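There are structures below to look over.
One chain, chain A, appears in both complexes that follow, with chain B as partner in the first and chain C in the second.
What follows is the complex of A and B.
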């Protein structure tokens, strides 16, 4: 599904390379699957992988959006390809990019602005980037037609999202054609929201050896999170509220508003690349921090390179005496399906109290009658301070959990219901574990109610017994706490 | 974590394939049976045709096949010898003992004959490259309820295994729930029964007298009255729901199931997906990977396994082998799900730490008390 050819123009020798999106093995014929990578990031990666495995002088990289095999494109190019060009469908969809191997490496980071959906735009961009004259050959027998909203290979690149890709390419063309110093300009990732995603991106930015991207467009309302998370990219502040979570505004629409808001100077001085979700995250088993590391330029060709399988970047623990054990609980995800079920929370709090464990809950006075103390932690500083007063943090798939786990490195238990524990939790260490009930519907991604049983709450959340066992197990491992 | 697939060794000669080719659904509600593509109509007696079968299973991440052992013609027989040349320490065989076909096991007074048969059974398991759980070859007892004296049979099996020089036997009862009968009798664990033997949720066709009359009047398809149709998603989710409370039960997973061929007079079990499809590869994948994660979280390190039904159950539509109608879709879904499951398990470490059983019990009691006060 990810494919290309290495062509030795002198001898006419052609080698084919086929890869598939990895489901965890990261075998030699697999490629890391990152939801935040635009199609162009895979063009770059294919060129790296194929270029690294061959001494050929020309690479023909197939469009990652299309389910192609090397034999297929070799058939299309059977008359031989001896010079750079773009092969396009009859309706102008790019099929194959043929460029000198050395050039792929030389202009790597700017290739992130390829649209992968419009051959004419990509031709013009590549001509600007390479200084070459690139013929665009049309395959009259192939018409791609309207690209579907989602594909079996995990892309979701419907017409509106294609518009986003075209705009980024058009902006890049404008820069390259109007500025002689374009090679000195930065690539800025458009990844402005939401709070949890900002955390993942920031942690990824601290964990990339040779980033293709050096700036990040990010909502200015997240200044405190950006500051606290140690973002290694230079922030470009976007003065817009973050994307509403109720789907009242689409991402492409938001992107268009953002460009207006960012203004001409930002667009003139930055190659802006859309690096929000382009692929379905749940089909990849990898953690989002690794998704973002790949997006930012890390190749991730072996499991031992994954952060998820390595010790975390930050590890801390509470300085208070182990007893009495204090647990901070964030049980509110915003909607019923995302909340830890109310009855589970009541039972968990009461049981923990019965074991002599102190329980604080964030913003849940309704759990006070069961023995918890409700506290406020609306701001990052307040959350940080509250966490430091507790031994263990228990959170849902939301910002506090990701912040406490990844940025603070605090002992954390992640509760997962409708969302993917693999992508947003994953990676057990003595300081972290993600728990759920392993129901066969998980993850469903539901936002309003259970699609299987029609209930408002998600029954995949771990039962109180399971949660309390996890808390006590972690308390013993990290603090040596043993319940009396 | 072992992924073991049930494997029908009946594909010797052409008879089984002929039966598959000639099978015709009697109702529009019955999914047509599928036919093999990549591996063709193989004959397991021909090594050159068996080798690719095992090769593809290994590529999918399957660690071994579960094959049937039966009492036929006065002896226990299985076809392990046909597969043995393709096994090694990373791929082996487990057995499903079809004890329900032998009346002797239901007869409490036939103890002597039972001991003889047990010795013959264990002898037949020897010299086969076995996949192991708990360090022992695996034997699934297909009909544990058919055993008049399960504890005595288990004890005799273990003795016979020891006498035969085996490192013991890992005995699994084919039951969804223990209810104090099998684990206490000495079985090592249970395994979820097949879809036909355990209807884990309500059928979508609940029939009554009116349906019966409508069938008689020719107004309704008789399959709608006689067969049971289950939505795949609730059927599989129900198997995972509260499963830790059912005892030590290893998960059985399946992509599809419709056994109308075995029930020509009605009574078949059908699993149906949205859009009236026999399978949904996405949901199947979730079933597999969550079952693997469950087994990882709840069982001792050397006893973690899931059972895939099936590699080549063409006659009940449960096969994951590449097929004419589905190509590689189901096979790839199985391979991808096993990959995902293994990766996720790797991120969780080999042995998730846990608390003592006594503390677990205390927590359970406290939670139960808390629920009581809420009620």
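What follows is the complex of A and C.
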């Protein structure tokens, strides 16, 4: 539960509020579930929601990492809470942050640097941010112990990741305690990779009304993607190759190297907040662009605010005559489980050619014998140019799909196998549809092979006949193209 | 392919004032290790293999005099050149003479020094410079071993 109390100190009246992570309805007692939001982002959101529903002068916000309920923390505070303070477990884990309601709003963006895992650090940070003396009360009967590496509620905040959170808090403390102008400094999101995630973050940044974050730490090798995607945040270039996906380097380890690389001046001039994944994305039903919009500051309390339920920000289409129809296909995900199955691809290409439809495939000369033309498009400029020469783009859950669909707004069909169509595709429009075989195992998230059937390829990918039907349907809808 | 340590970098720097060292095909970072022993303003190591590039970058993440660029040579050279002062001479340690075409289109190379590693195992200043790019190839520095 995501929980807090509104406390009227004069009357002693206490109102409890319990929220839960939304499964899609975004009801009044639900909160948007964002995988890229650090725990502190939920402290901010709880304060907004509870503060907005009450005129109380003090808010007691429970630690979002813990499955607490309002009645529980009211019981802990049964002696009454009249003043700002931090309630901590016996072993120093923050349980509840009590601050004046007005202050929560005033220091909102800096609250993103709360660790939510170390009460002593958070106390010092909050004292610096508020100028208040904040007592830290320990609940002697409550011990959190080692926080699990992953929780049933979707968090993965094991010891190494807690280290990341503590470092960002410590950096914020240094800034606040050493610079009088700290209120003027930006908050920078640490969200430096990978290419698809950069696209989602960029599109989100263009779609947030009042961002808490104005800068983004991003790998310099993505300069072309950042430029092409119209990132609305100020980039802070991280001159490191991106984190590999094979877990050969841990994300916390990479984060530590990143701080070395960014250097003292960047760390003194920016409140850096870790905004890579903190929660399991597949638990949330929402699209990653909306995850990132929430992370950047949008509250997203109603379904009609979701980007995936609204018209896309960008919509374009091919200027060429509708016939002959030209389809560009990106079928290679890097590993067999991510590739569109070879036999499916062969059939799809052969059938499309039989219908008089021209098919280009990115980097797949092995599909040329079946009628496709293999082209190179491994840089953003080349991809953009190639897409413009085709009516419809068909892509996997990877950068080309995300770029073509979201940044270019091109008619796109997303093929999903092991990963979640809801998170990375979603939101049907005339210009977009995501298809898969809707197997019960979806999304397994496998990286190397099928964990259910033991096959190298993913059988959840849509069969060629479904793909061809989707292409023909989109071609008719967008271009008025009908096979003769 | 020769090694950067085959060259007398100190002599090159003394003679021509190379303020940058740019290496393509940085591999496991042997050239980087050698270059960092000298007083360059910045060393750029370009490597297209992600794992190799990352290994070198993480090993030296605290050293701000080194920039590891994970990219193919042409894109990496463009990225490095964008950061380099055009007027300051550089030493380029290249693995493919074709990379000179890229450099020649992007920068006045008249003050720069080129070291080219050839596939046949030798390292040296390629005569290819003079032949194909009309660049003054008089800066033919001997290898340490033959100096």
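The rule we apply is simple: the second predicted complex is superposed on the first by the 484 of 484 C-alpha atoms of A that agree within 3 Å, B and C clash if a C-alpha of one lies under 4 Å from a C-alpha of the other, contacts with A are read in each partner's own complex, and residues count from 1 in each chain.
Please note the rule applied: a residue touches a chain if its C-beta (ideal position, glycine included) is under 8 Å from a C-beta of that chain, and two chains touch if they have at least 3 such contacts.
All values reported here derive from a predicted model rather than from experimental measurement.
J.: Using the superposition on chain A, tell me whether chain B and chain C clash or fit.
T.: fit
J.: Report for A:221: first if it touches chain B alone, second if chain C alone, otherwise both or neither.
T.: The answer is second: A:221 touches chain C but not chain B.
J.: Is the number of chain A residues in contact higher for chain B or for chain C?
T.: For chain A, the partner with the higher number of touched residues is B.
J.: Counting only touches as set out at the top, which of chain B and chain C does A:446 meet: first, second, both, neither?
T.: A:446 contacts neither chain B nor chain C.
J.: In the superposed arrangement, does A:323 touch chain B (first), chain C (second), both or neither?
T.: After superposition on chain A, A:323 lies in contact with neither partner.
J.: Which partner does A:260 reach: the first (chain B), the second (chain C), both, or neither?
T.: second
J.: One more residue to check, A:240. First (chain B), second (chain C), both or neither?
T.: A:240 sits against chain C, while chain B stays out of touch.
J.: Counting only touches as set out at the top, which of chain B and chain C does A:427 meet: first, second, both, neither?
T.: Touch partner of A:427: chain B, not chain C.
J.: One more residue to check, A:373. First (chain B), second (chain C), both or neither?
T.: neither
J.: Can you give the closest approach of chain B to chain C, taken over C-alpha atoms and in whole Å, for the superposition?
T.: It is 35 Å, taken between the nearest C-alpha atoms.
J.: For a test of understanding, state which residues of chain A touch chain C in their complex under the given definition.
T.: Within the complex, chain A touches chain C at residues 220-221, 223, 239-242, 244, 248-249, 254, 257-258, 260-261, 263, 379.
J.: Once bound in the complex, which stretches of chain A touch chain B?
T.: Residue positions touching the partner: 22-25, 285-287, 303, 308-309, 343, 346-348, 350-351, 354-355, 370, 421-422, 426-428, 433, 437-443, 452-453, 459, 463-465, 468-469, 472-473, 476-477, 483.
J.: Could you list, by residue number, the parts of chain B that touch chain A in their complex?
T.: Going through chain B, the ones touching chain A are 233-234, 236-237, 239-241, 283, 286-287, 290-291, 293-294, 297, 335-337, 339-340, 342-344, 346-349, 352-355, 359-360, 362-364, 366-367, 369-371, 373-374.
J.: Spell out the part of chain C that touches chain A in their complex, as residue ranges.
T.: Contacts found on chain C: 50-51, 53-54, 57-58, 61-62, 64, 67-71, 75, 79.
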